[in-house]
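Encoded as structure tokens, the structure appears first; notes follow it.
Order as written gives the chain letters A, B, C, D and E; numbering starts at 1 within each chain.
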Amino acid sequence: MKTIAKSKVSALLDEIAKEFNLLVPTSGDGASKFAPYTPGSQASFDGRTLLPPKDVFFPQTEKMYKFTTDGMAGSLETVLEAPKHQMLFGVRPCDVKSIHELDHVFLTKGFVDEFYQSKRDRTFLVSIGCNGPAEPTCFCQSMGVNPQEADAVDVHLFDLGSEYGAAGKSENGEAFLQKYASFFNEADVQLPAVAEFALNPNVEGITEKLQQMFDHPLWEEVSKKCLGCGACTYLCPTCHCFDISGRVAGNQGFNFRCWDSCMFSEYTRMAGGHNPRPSKKERVRNRFLHKLQYFPERYGDLLCTGCGRCLSKCPVNIDITNIIKQIREVELA
Amino acid sequence: MKYAYYPGCSLHSTGIEYDMSSQLVAGKLGVELKEIPDWNCCGASAGHTTNHLLGLALPARNLAIAEKEGLDVMAPCASCYNRMKTSEVAVKSSEETKAKVAEVTEMEYEGKVGVKSALEVFVKEAGLDAIKSLAVKNLGGMKIAAYYGCLLVRPVGIGFDDPENPMTMDDMVTALGGEAVDWPFKTECCGASLPTAREMVGLKLVYDILTMAQSAGAEAIVTACPLCFMNLDMRQNDLNKKVDNANFQLPVFYFTELMAIAFGEKPAKTGVRKHFVDTSSVLAKYNLK
Amino acid sequence: MRRTGVFVCHCGSNIAGTVDVERVAKEAAKFPNVVFATDYKYMCSEPGQQVIKDAIKEHNLDRVVVASCSPRMHEPTFRRCLESAGMNPYLFEMANIREHCSWVHPDKEKGTIKSIDLVRKAAAKVVKDEPLQKSSIGITKRALVIGGGIAGIQVALDIADAGFPVTIVEKEPTIGGRMAQIDKTFPTLDCSACILTPKMVDASQHPNIEILSYSEVEKVEGYVGNFDITIRKKARSVDMSKCTGCGTCWEKCPTKVDSEFDMQLGKRKAIYTPFPQAVPNKPVIDRVNCTKFRTGKCGICQKVCPTGAVDYEQQDELITEKYGAIVVATGFNQFDHSVYGEYGYGKYPDVITGLHFERLINASGPTMGKIKRPSDHKIPETVVFIKCVGSRDEAKGKSYCSRTCCMYTAKHATLVHEKIPGSKSYIFYMDVRTPGKGYEEFYKRTAEEYEAQYIRGRVSKVYQKGDKLVVRGEDSLIGRPVEIEADMVVLANAMVAREDAGDLARTLGISYDKDNFFTEAHPKLRPVETHTAGVFLAGACQGPKDIPDSVAQAGAAASKAIGLLSKTQMESDAIVSNVDESRCSGCMICKGICPYKAIDAKLITERVGGKMAERQVAAVNKSLCQGCGACTVACRAGCLNLLGFTNEQILAEVEAVCL
Amino acid sequence: MSLNTEALPKSQEVTASPEAAPQPWEPRIVGFACNWCTYAGADLAGLSRLQYPPSIRLIRVPCSGRVNPQFVIRAFQRGADGVLVAGCHPGDCHYSTGNYFTRRRFLLMQRLLEYMGMDPRRFQARWISGSEGPKFQQVVTQMTEDIKALGPNRKMRDVE
Amino acid sequence: MITEKMRAAAKELLEKGEVETVIGWEKGTFWYNSTPAFISKPEQADRLVFDEFCANNLAKYLLDYRNADGKIAVFVKGCDARAVNRLLQDNQVKREKVYLIGIPCPGMKEAPKTGAAQDTASLPLLAKCQSCATPNPVIYDQLLGDPVPAREVPNRFAGVEALEAKGADEKYERWGKLFSECIRCYACRNVCPACNCRECAFDANGLNWLGKQNNLQENQMFNITRAMHVAGRCIECGECERVCPMGLPLMDINRKIIKDLNELFGSYDAGLNLEDRPPLGHYKLDDPEKFM
């Protein structure tokens, strides 16, 4: 297998940055996230980033259309930035799964979101495997993710301790390894054993069980402590709800979309004031049913990657693994 | 209790009795007095009438020295007290003044310590109960006019007692068993240095005070100011000579002298023998010898 | 989509001289929601207004912007214009391109750009204008007068004469107030009682006046036109319906007490009327001093009463009545001079106040009108008057001038001269202020004919010397100290607010100044009104006043009250605060902000999760709200909004001027 | 989420309204004026023909107590170079107490904006009475000069 | 042991039917997680715990029970008690509908960095507890345990003062960087006991207070306005800062306002009692005058 010493990665990145708009995990000021790499700057490949990479394809705020009016006449224009080649380097397998789920939403079932697609198409993915939980809250294995290896990428890097083992996962990936061959050695490698995960929720049959639990009192119970903030959904790599809003200034204006959260009370509020999800019980239920029932029903996958971000940052420790456990414990009549 | 002690010029000269008796009272009350090292003139009379800043800076220097030791100052002399209080208030209320004063004195006085009069320390702070408990002799109803003079409780607003009708000394007299007579001249002007410069103008003021005290039935006057004391005590002889029908023999005491005597000190040690007007007969009358 | 019309005025050359009005109109036509824009020479003129009316019809306008002068000038004009064109007058905004633009910016290009901005601002606001309606409330045609002194009596008589029922609430057993204590009035020296008592009788006999003496206002609820007032009728211990005022009881009462009316210089009984001409002339029992109440023994008054009116069991009674207007006429107190050490802290019996002096010279007073000093009843030969005791003295008293002291001191000195032959009066003064008809002449006479010696300067000390009072002061005109041996000293104490004025102000919801005098709504233009609609002021409770001024102000307050009561309905402005109850959380922070007590909590019921639940929200009384909008800023959720100046409108203006 | 560096325009990129393009840059000051004092004071300045720079756009409010601190931020967001809140002198409020609340709110706001890095000269609160036309002129002139010296505001400014 | 007393108290209240729900804390996912618990049956009372991780301010949950038929009991530390006062003063809950069980608070601990088991004593105090001056509840019906002695509190304005001293551009850049991080999840608002509006101005339909864009300017608007809305009402529980997923130093803003209010209008600590009114709800004639 091709290997590269971890100490040589930054030299490789310097080289890549000449060609790509390169995004790497950083943990400088503030929260760790994917940010543009500039030669000489520090990338941080320890663990997963606090912010998932979803905003690379699906920014929190994204301008969509511009318009101008002139009396009764007007004109409308789509705002679509010209694609630029970019590389997302160092994505963890859990986040790779999240990109896969976002692809389901934005690119399949007969609907293609051009804003998402334009960014997704021009992005080269390099993933890095984990040899165990990056954080105590990790439970990706339970969600069907192989922590050591991701496949839906261009290049995958295995973590071998002091070096990475590289595997091309696409034609582009192979070509990439060819191109930067000078940075790699050829060696026989042994993958280390996967360390044990503290959290191992069992999701077997959960979608089917939830289909009978819409009115179950469990939701009332688990939602009581929810504050109704959007920390879980905004940190979630798979949550993808958005709202479209606009701004007008005189004779011109624009529309934009921005992330929205089903945890917010006004998320489902209608213009007349009626709210079909009037309390946090309905909202919390929706979030979990969406992740564990509705999404699998439509796309076949759970809308959870086991990254653990939501439960690590929830102000009141609402824990999806615990809720899965409680769902399992429910005895249906 | 510990205070930086500022005797000023009087208490080391004409007002030596005040110094002697103050030290005795302090000892009895457990007030530690530490004389300010290298103290200078408080600026009364000449200093503050010459130059305003000088009038503030002179006392500020003494306060600055005391501040280094973290001690509030006790100034028995009413003039010294008044000058220092004026300086203290001026520095505390204006950053600009503070800076100017510091520049002149080449010393920092931040206004963290302040000045108190002996009357404040020995009567107000010690408290009448402590005074009563320390008294071994009783003034036995001696009728005494408490005379405060003009400086001790003025200007209005910065003093420790009522400017028109102060009571601190009266309370002390009562606590020691004397009878403080009610009279209207507690804060009249004693004439200060006028008896020297314009004799008859000054003497008239002294005459009025003595006459009023007598007509109020006082057998003695008690005071807390060395200059007042001097005018009231020393000028009685002058008046007897120069004013028809005047024949004053009204003993004048520092309040500390009466306190020390009541606390059991021998009168001679308090300085009462140094007075111009005889004190022995009134003390004898009330068994205080 | 709104249909806004924009009308740009030339104002002759006032605007058109420095602003390209045609270009302004042309640019305005491009603004969103603007369907018509034009310019005209004088928009405010009849033909100009016709231009607007025609355009409203022709272009089906639903919003109008006029760019011309200040809205402070012509907003009402154009609103009327809209109204006559069948539109709601509040669907209108003005752009002030004259005062704020053409008159101050000579550069035509810059002025034109600014004008366009100002029109854009108005056009942005006007689309968010909503039709507003004025509201109206009914009025209870009845007035309450608090205080039965000369001001209160005058107010009551004036309102009653206009045909409205009036209630006077007086906390003393009789009406009459301070004026009843005064002997003679300056500058005419006519007898105070002779002019006051007829008025007291008039009040008591007027069919429209009800007098509740020995009573106090306990609680005030409601608002202008509709006050609900609770009055405490204190237990008099005498049944008013039975008592004939024959006087047997107080003749026989064995208990003598210092008379408040005579300033403690004379005595009264424990069952008493304050003075012979009291109205109502029926006694009260002073329960604190009455032997029956103190020891349970005595009971003489009950025994001697021929009508059985004395009732020891009587209790305070609370009554609640509706009133449309309130006039406050609670008068003043004398400054307490015991803070002045130089005048002896109030301990010398022969240092007295002006009111004491009034009682001493009054023929029905404790000395039968003979001026005798209190200590030994000797007739004083030398009297010293000291003015500005508590007035014009920020250190110990009040900063203001009490206005009356110069005159009453002159009167007193005159009376000393008249009543004590060979006497001498000295008057220490700071200034002599005589701004009134005949006042200066009176003062001159006092000094010249009645030989009062005026000494300009302050007194530094008064002290007792033998049976004399030595007054020491400075004659600042000659720069010399002076000493006067006097037999009596009369202080001209300041007029101060009653000590309980603050409590009454809080009860009424009116404001008071640093000296506790009630504050008028505007010092010049609304001198008898308060900020609380329907509450008016008369007399010295608003500030020191002499009798003519008090009576004049009483007339003014009465006419304001009559003006209010003569309406059946009161219309209030449409620019008022409005609560979005669905969003209001009822925190009530707004309530404390409102200067008009227009906001109060109310309970609403709504369905929550299948059951009915009550919750508190803020409610604006549109009759009381004056539309300042200070509450709206305190409302974090933004559910309080000022109609006509809503958050949305102001934000739209901000956006428009920043474009 | 990421630092929106585009949102911080370089000062030279800021342009005034298109009509003014050929003219030198003129500061844009949003003024909130109470109807009874400051607005009347500005009217008086007009009546007296007291000239001042055409930089200010007055928004009329009934009372300075009506001015929400959020209006001020919004003005800066939308491109104001300075904001003035002005009302009756304390004690003169038409509504008797409104400006006392103004005083508290904006003393606080002024300090908070300064803490956030705004230059205090860009946000002013003033008492200008109905008789103080000259003061209105002087305040606007002074503020315009101060802001001219500071240049266009880019802080808090939203360029979209 | 407080935990035992808590359980006993909760059990008794529920058994006697004096309250319908008891709000406290229970253990969460890991040993260092303690999380809000809602107990409505006596037998569930044994879930309750009190340990070094009960940082959550429970007072705000009372808003969820505004329409409850019976009384709600809630455990209150010093900061929770001040939060209850906040809600009472804002008329959001009725005193007679809540039963307050006070717990003197020794200060809460930070979760360990790695999650590995370790002695809790060695963990640092939470930032919000370091400058806490009211560890003992200021309002309660029943107090568990003895009041804790007042801790030595460092100058809580030190951070603010350091920032104030910086230059305008430096300050702006610092805040700009921080506000750019804000993801507008509103956790700070939703946890805040002073943010108790029925509907936040930012959530309302049709009002134009805040754009939905996540960019520096709107984030500034949000954060400054949030701070202004709690100005004079913030009870300094520090929950906003604790729950911020992005770790923004929000108390640096709240404390700045508290410091300024103290300096300008006199010292005031919100939530210590019900009588003193928030400084922006009234005024004094002799307030500082800077606008002449």
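Heads up, the rule we're going with is that contacts are C-beta pairs under 8 Å (C-beta built on N, C-alpha and C of every residue); 3 or more make two chains touch, one makes a residue touch a chain.
Because the structure is predicted, anything quoted here is derived from the model rather than measured.
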Chain groups still in contact once chain C is set aside, others held in place: A, D, E | B
If a chain touches chain A and chain B alike, it appears here: C
Remotest chain, chain B as reference, centres from CA atoms: A
Between the pairs B-C and C-D, the one where more C-beta pairs touch: C-D
Averaged-CA centre spacing for the pair chain E and chain D, given as whole angstrom: 35
For chain A paired with chain D, centre-to-centre distance based on mean C-alpha positions, whole Å: 44
Between chain E and chain B, distance of the C-alpha-averaged centres to the nearest whole Å: 59
Where chain B touches two or more other chains, by residue: none
For chain E, residues that touch 2 or more chains besides their own: 177, 181, 183, 199, 209, 211, 213-215, 280, 285
Multi-partner residues of chain A (at least 2 other chains): 51, 60, 247, 249, 273
Footprint of chain A on chain E - complex, ascending: 28-30, 33, 35-38, 56, 60-61, 64, 114-115, 177-178, 181, 183-187, 189-191, 199, 203, 205, 211-215, 239, 242-243, 245-247
Chain D contact footprint on chain C (complex, rising order): 70-73, 96, 98-101, 103-107, 109-111, 113-114, 116-118, 121, 511, 519, 521, 531, 575, 593, 595-596, 626-630, 632-634, 642, 645, 647, 650-651, 653-655, 657-659
List of chain D residues in touch with chain C within their complex: 17, 19-20, 23, 26, 28, 30, 35, 39-40, 42-43, 45-47, 49-52, 54, 57-63, 65-69, 71, 74-75, 78-80, 94-98, 101-102, 105, 137
Residue ranges of chain A in contact with chain E within the complex: 29-31, 50-51, 60-61, 135-137, 198-199, 221, 224-225, 227-231, 233-235, 243, 245, 247, 256, 258-259, 261, 264-266, 269, 271, 273, 311, 313, 315-317, 319, 321-322
In the complex, chain E residues that touch chain C: 66-67, 90-92, 196-201, 204, 206-209, 229, 277-278, 280-282, 285
